[in-house]
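Data block below; observations after.
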Amino acid sequence: MGAETDIQDITGELNDAVRESGMKNGVVTAFMVGSTGAVTTMEYEPGLKKDIPRALEVFAPSGIPYEHHKTWGDSNGKSHVRSALIGCSLSVPFVDGRLVLGTWQQAVALNLDTSARKREIVLQVLGE
Amino acid sequence: MGAETDIQDITGELNDAVRESGMKNGVVTAFMVGSTGAVTTMEYEPGLKKDIPRALEVFAPSGIPYEHHKTWGDSNGKSHVRSALIGCSLSVPFVDGRLVLGTWQQAVALNLDTSARKREIVLQVLGE
Amino acid sequence: MGAETDIQDITGELNDAVRESGMKNGVVTAFMVGSTGAVTTMEYEPGLKKDIPRALEVFAPSGIPYEHHKTWGDSNGKSHVRSALIGCSLSVPFVDGRLVLGTWQQAVALNLDTSARKREIVLQVLGE
């Protein structure tokens, strides 16, 4: 994933996980592994991919000092703060084999780190 | 639901879903369908129903331009941003048939859109 | 837990719950009981334990009036607002008996109230 709040649509992966489970009714949990990413839902369109990072700048701005930087000599304090506040787990129910997402609602993974990196997302399907 | 961050107490619906499932121990997942709503927990009282929208104005203000508006000619960019940051899924455990919510803690659904609309919330109960 | 955004690492409790369940694959849900706490994940290190509270000051500052204070004569309006926006539920998958948390990622409980208090967190394990 790219740097500076790259957002990826992972709805297809959730659909695949549900289908491969063979289950009809349940919940798929998507979990972002690591402390500088996040998962949530949004309408996945180019405008919001700019609007959301701008909002993240409000509560965890770039270019200010973070105590985290003193601990490791890192420079991604804002990434960590944003991850903790958005959250790393998302639970989406499915009914009759279909995710209950809205028409304009996608499951997304956010790379909030200051450099591009491959992010690992674990999907766990529970139900029957 | 009304416009401008209408907040509704959905605890009763969660309780009903658990009771109707006949299960004793498990988790109920509440999911907000659509990208301009959210679910969370709060003390459901009139003061906080004003305080929370005010906080949402900080990171996704009304009256500023959003890139989202260019995509569709919409005017609810703030609603989408708020939804993505608060989140659309909530998981509440139940034990011995009772939700583990605190005495002053309710499950709530937020309509963050700029106009009143009926919101769909899906409840999925897993357990035994 | 201490006052003013005390953050506690609860990863050990999640690990214990999974192990005691005897399950190999599933999801553990951690739920914060009460409307002035929260749960999330973060790299649990001293710097971020200061950076995250500072970010919370942005959208729910100390020292401003809250409507909540009028309802009960309380003074912890900010605590409630922060709780609702961060969230009280966290779902972490486990695979082959191990939580899928990243190496530098811990499950944490936040006491957001204005005074120290013991917080109750309920863990529910589902899977097989």
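As written, the chains take the letters A, B and C, and residue 1 is the first residue of each chain.
As a convention for this text, contacts are C-beta pairs under 8 Å (C-beta built on N, C-alpha and C of every residue); 3 or more make two chains touch, one makes a residue touch a chain.
Bear in mind that the values here come from a model prediction, so they are computed numbers and not experimental data.
Enquirer: Skipping subunit A entirely, trace which chains still reach each other through touch and list those groups.
Expert: One piece, even once subunit A is excluded.
Enquirer: For the two copies subunit A and subunit B, what rotation in degrees overlays their C-alpha atoms? Round to the nearest 5.
Expert: 120
Enquirer: Give, as an integer number of Å, the spacing between the C-alpha centres of subunit C and subunit B.
Expert: 18
Enquirer: Touching two or more other chains, which residues of subunit A qualify?
Expert: Each of 58-59, 85, 87, 91, 126 in subunit A touches at least two other chains.
Enquirer: In the complex, go through subunit C and note every residue touching subunit A.
Expert: Subunit C reaches subunit A through residues 25-27, 40-43, 45-52, 55-56, 58-59, 85-87, 90-93, 95, 100-102, 104-105, 108, 126-127.
Enquirer: Mind listing the subunit C positions that touch subunit B in their complex?
Expert: Those residues of subunit C that touch subunit B are 29, 31, 33-35, 58-60, 66-72, 77, 80-81, 83-85, 87-89, 91, 122-124, 126.
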